[in-house]
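Two complexes, one shared chain (chain A), two partners (chain B, chain C).
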Partner chain A sequence: MYDMLAALINGTLGWSWPEWALHLLSYILIVTIVLVVAPLQMLFLTYYERRVIARMQDRIGPNRVGPEGIWQPIADGVKMFTKEDIVPQAADRIVHFLAPCVVVAPTVLMFAVVPWGPGMTPVDLPTGMLFFFAISSISAVGLMMAGWASNNKFSLLGAMRAVAQMVSYEIPAVLSLIAIVMIVGSLSLNEIIAYQSGLLISNRDLAGIPDLGLGWFVFTPVGFVAFIAFFIAALAEGERTPFDIPEADSEIVAGYMTEYSGMKFGLFYLAQYVLNFLLCAITAILFFGGWQGPGVNWLYEQGITPANPTGNGLFNVLAGVLGVFYFLLKTYFFFFVMVWLRGAFPRLRIDQLMDFGWKFLIPLTLANLFSAALWVAFIRWGPAEGMLITVGWSPVLRWLAAFVVTLAINLGVYLWLTRVYAASQAERRRAELEELSATV
Partner chain B sequence: MLQTQELQVNIGPQHPSTHGVFRMLVTVDGETVVDLKPVFGYLHRNHEQLAEANTYLQNMPYTDRLDYFNSMANNHAYAMAVERLAGIEVPERAEYIRVLMVELTRILNHASAVGFMINDMGAWQTPLAFGMREREKILDLFEMASGARLMCNYFRFGGVARDLPPEFIPNLRELLRALPAYIDELERLLRDNEILLQRAVGIGILPPEVALSYGVSGPVLRGSGIPYDVRKAEPYSVYDRFDFDIPVGKVGDVYDRFLVRIEEMRQSKRIIEQVLEQLPDAKGGHINPKARQNVRPPVGDAYARIESPKGELGFYLVSDGSAKPYRYKVRAPSFINLTPLADMCRGYKVADIVVILGSIDIVMGEVDR
Partner chain C sequence: MEVVVQIVFGLIALLILVAATMVVTVRNVIHSALWLITCFFGVGALYLLLEAEFLAVVQVLVYVGAVSVLILFAIMLTRQISGEGERQLNSRWPVVLAIAALLFATVMAPTLINQQWNVPPAPPLGTPEPLAGPAELGRGFVNEFLIQFQVVGVLLTVALIGAIVIAFEERARRRKVLTLAEELELKRLRARETEATTPEPVEAEPVVRETRPASER
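What follows is the complex of A and B.
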């Protein structure tokens, strides 16, 4: 993003700025954009969720404030700010105050590495994905702080659940992402997006295929399983139905947020929606090509890029607009799926959730890692250094072989696991009943 | 070995899913329920003592407020008790109208009970909205007949307050046409949803002998496999003229209770269809013209019980010959069905408590009185 901004600043103002001023100016701009976009996204998401759920329930939803109720979140925000901030007498005041900050800060930080469009990553880290997931797990600390400092049993139960859930679901999430990282060979989110150009199956490896920006990972067997596993883990990590156990309103009131009011509560709310948005965004980036889509790459190549400094800046803007459009379209689609699930499903119990994570998702993602390794062995190792049997195969043949083999492995493991998992669940239920009847 | 400590948690009285002001003092070991003590009385309104200061007719609207979901059923039980006490005859048409209203009440109660239970499982209002959809249409019918949607106050001694308006029967037929699809939809929601099954099957088991020893009644008892229904065991009104089945569960868990409720909705629909076939014309009159509403029953006592949607609802009245009851006692099914809660919850998880409570289907207005 810095390159683009620097070029734009230089281009529009007509004279060459000193390097330090350019840096300062563009980073201030970037930080401002991130800090404005994050809460705005959250405001819109709350409105969007309420409207969609209302439709599912045969209601209209917020429609009083502004046209179609579009200013409702602003009104809610004003309400949050003007509400009394109540701290329970027995609470640990400092930790109680710090907890929302610890929860919000990482989610905003995560925004910094999200590639919004071609050349539009606020901070293009070569280890963007690592940063994203490392930072996201910090909020678990904040949740525990909130639950402990509130000195309320519901809060404590909620925080315990939240931490247990987040910690155990980070494993399948990261395991499913490693498969993608193996195929791409990079942790940079931009690299991962760039890899998904082309058409249909992740085939930057195949020459001579038109670049429509549709080579998404989700079309490969490895990517598909990783996507399903990751999205389920993301639901758990973002505390969305059916995994909204830490704040199960029908059981433990509001979980770790029970003793929060006013803007502190608002901050938790903000963090949660921003995290959900980011999880949807990262799903779109990793498995659905992020801003990739028909036309974006072509437009971007005509514009000013590091490789082509003499291009036309207009094309940068066009590519940016189209890329952001594709990106937001995908992201909002996943958020819609989250809302849809929330409108349709009851929630699981914490022990069922743990079972599912440890006994089903983790074995599945581990098998998927194996598939990913095979995919790499088949495709990325060239004819010269490939596996013994693939030496001399044409790229198309190797690609087909990789597809068939990984599909067979993933499908087989999935079918086998569902049976084993169902059997283990039935066994557990039986054991529980026995134990219960022994106590009664 | 890690030192652990049992935690005492108060669920309620101000809690989103205790169905009113109800408190459960839960001792948990981690997430597992070790013990549970139900505490109620927060909604005590002195209902029974109040009734002794009112005339018999003045009490009729008060019975609406017991179980505010099923005001028609409460009216019926109370009217029957007073009629037995004072020896009032009820014309046939009035009996049929009463049965019709109470069976409609059963459908609306069970629909919302299923919705509320799924809500307690954590679904975000949508199943509840589904459950409420048909309830609205039934409430429209109630409004046509009685003028009120919730607190109907429709029954009188010797009949009902007004005859059915002309538009009532066509509307009812339309509702009956839509009902089977709607009930199937609710059942599919329950049977085909893996998460729901995980949360319901094998949870909150109430063995038949325990259920009997607590005096549980209604869908909770039938869910435990005991085919006891006052409509069959001691037919009152005109129930002996209808052909219907009593669904029973096998295990006595949350799932069985709700399958029983859904099947009962179908049976209620069957009864309503038979009512429509057999309903005498308006010549019979909707109320016994000789019945005085400001009754002064002779000295004595009477007990009347009906199968309300939540279980066996009984009214016991003692008369001293004056215009006011000397003693007025309600046998409320919600209250008695609530007593085995601790036995049902012990050994399950915290999250199961609210589901089990939801599956009992209580209304605090009836528990605390």
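What follows is the complex of A and C.
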């Protein structure tokens, strides 16, 4: 943004503004864009989800307001704003008021590091990925505040469930991401995306692969396992259906949102959909190349970049449009998968959720971490690091060896874990039945 | 620029001090935990002011995201804590304050008096930042501070196992709350029991079984 503004104002218009003014203007513009885009995504996603889930349940869904019901989210928004704001008598008023803010603010802050297209990251932090997950963990505090301040047993139960779930599924999510970070060697989201250029094989792993923007991590055994584990954990963090225990409406009304009405409820709703969008986006970025796709890198190289200041600005716009298109396509596809799962699966019980997270996902991601280390060793290490087997191997052979070894480890661990897990669940079921028949 | 940094530092420091004071003076336990979170945020902001971005993010991740949630969990799961707790200051607080200040001064005064405040001169432009990024920290952990790192790892594992041992309950001694599915199962078991004990008419039996929906079996 700064480069483009500098080229426009000082170059084309010749106004010669000082540097700080350009920086200030560019940050104000970026913040405005981010704050406008976040609610718009939420509006679109609610409509999208309702239509898709309606089709899956053989209904039509919202279709009255505007063509095909496209203005339905806006009508909902107006309804939210005009509703009465009710605060329970026994509630802790200040904490009750602050809780929605504490839940929404981190989700909007997370937008700050999302790379939308080539050169289109609002704030390019070198620790972007860590920032993303650090900020997302703040909303757990907000949920606790909401649950406690409402002074309602359903709220408190919902908050407890939400936080327990978030805390225990953060571990497999972060462990599966560490595997990717180990391979890339950087926490910057832009670096992670740049690594995924190539065609089925990343051209950072194997030089000379043509760059079509398709060297995604999901095509490697390490990345595939990490993707599956991360997506399941993301479902739990976003409180999507197989894991929507915190707001199980048939058990505890609406969980921590029970005592909220009007726009405060709307803010929780907003935070939830924005978080879901961001989780889908981060899945697309880390495992499916983000904005990478055929043509984007080529277009971007023709435009104005720090490396090539004399390029044509038109190509920047083209690369940006194509990059955002690919990025949103992938993100909306993952959101579709989330809705699809909601249409297909019933809700889990809380002990099933905990068992699955702690006894299956965490061991699997730990084994995947080991595979990632082997991947780096085979691809990049030489005798200096103590890797003596691969001395004299060609890059293709190294890549093949890495692929086969990690595939064998991941597949073996997966098969073994499924057997152990199934056996332990069967044993548990048997013990429960025994106990029941003892009480008869 | 220097003045702006000073002002921002002053504001953050004020926030931290106010939050820390509130933690120990507020009556409500939950409120004091929330003030503690504010305090953690302030410390994170200080790290950010020092351009230790990684440390700031880790501060938020560990203290705000994990430790404070743990504290809130602990408070909420403890029985007999009502909203309005006991006042944490009793009538003798000035005496305690004096003793605490004296002890603190005993530790700090020699340091402050003997300190030369010889701030090293700014490094020439272009030198890499020492120990700022995750890569440098990671390298430090596996080379220079390997023993410390391992010891902390073992300690945390021991703590984890200890927590499991303390929290572990025998299946038989657990207070049982039946889920709906288990109640159904129980009903079915009871029915089977009575079926087994009471002799039933031989001919009617298969007919009754077949009319049952498949889901009930």
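Here is the rule we go by: the second predicted complex is superposed on the first by the 415 of 440 C-alpha atoms of A that agree within 3 Å, B and C clash if a C-alpha of one lies under 4 Å from a C-alpha of the other, contacts with A are read in each partner's own complex, and residues count from 1 in each chain.
The definition used in the following text is that contacts are C-beta pairs under 8 Å (C-beta built on N, C-alpha and C of every residue); 3 or more make two chains touch, one makes a residue touch a chain.
Computed from a predicted structure; not experimentally measured.
A.B. asks: Following the overlay on chain A, give me a clash-or-fit verdict for chain B and chain C.
C.D. replies: On the superposed model, which is not a single observed complex, chain B and chain C clash.
A.B. asks: Given the touch rule stated above, what does A:L187 touch, chain B (first), chain C (second), both, or neither?
C.D. replies: second
A.B. asks: Does chain B (first) or chain C (second) touch A:R64, or do both, or does neither?
C.D. replies: Touch partners of A:R64: none, neither chain B nor chain C.
A.B. asks: Considering only touches as defined above, state whether A:R55 meets chain B (first), chain C (second), both or neither.
C.D. replies: Once the two structures are laid over each other on A, A:R55 reaches no partner at all.
A.B. asks: Which partner chains sit in contact with A:R419 here, chain B, chain C, both or neither? Use first/second/both/neither.
C.D. replies: neither
A.B. asks: On the A-aligned overlay, A:R349 touches which partner chain: chain B = first, chain C = second, or both, or neither?
C.D. replies: In the superposition, A:R349 contacts both chain B and chain C.
A.B. asks: Under the stated touch criterion, which partner chain does A:V95 make contact with: chain B (first), chain C (second), both, or neither?
C.D. replies: second
A.B. asks: Does the superposition put A:I138 against chain B (first), chain C (second), both, or neither?
C.D. replies: second
A.B. asks: Identify the partner contact of A:K79: answer first if only chain B is touched, second if only chain C is, both if each is, neither if none is.
C.D. replies: neither
A.B. asks: After lining up the shared chain so the two structures overlap, which partner does A:L125 touch, if you call chain B first and chain C second: first, second, both or neither?
C.D. replies: The second partner, chain C, only.
A.B. asks: Considering only the stretches 258-266, 276-284, 294-302 or 312-320 of chain B, report the one that runs into chain C.
C.D. replies: Only 258-266 shows clashing C-alpha atoms.
A.B. asks: Mind sorting out which residues of chain A both chain B and chain C touch, each in its own complex?
C.D. replies: 156, 349, 432-433, 435-436, 439-440
A.B. asks: Tell me, which parts of chain B touch chain A in their complex?
C.D. replies: 7-10, 15-17, 31, 118-127, 129, 133, 193, 195-196, 198-199, 201-202, 205, 343, 346-347, 349-354
A.B. asks: Going by the contact rule at the top, pick out the chain C residues touching chain A in the complex.
C.D. replies: Within the complex, chain C contacts chain A at residues 30-31, 34, 37, 53-54, 57-58, 60-61, 64-66, 68-69, 72-73, 76, 83, 133-135, 171-172, 176, 179, 182, 185-186, 189-190, 193.
A.B. asks: In their shared complex, at which residues does chain A touch chain B?
C.D. replies: So the residues of chain A touching chain B come out as 53, 56-59, 153-154, 156-157, 241-242, 244-245, 248-253, 342-352, 429, 432-433, 435-436, 439-440.
A.B. asks: Give every residue of chain A touching chain C within the complex, in rising order.
C.D. replies: 92, 95, 125-127, 130-131, 133-135, 137-138, 140-141, 144-145, 148, 151, 156, 160, 163, 167, 170, 185, 187, 349, 431-433, 435-437, 439-440
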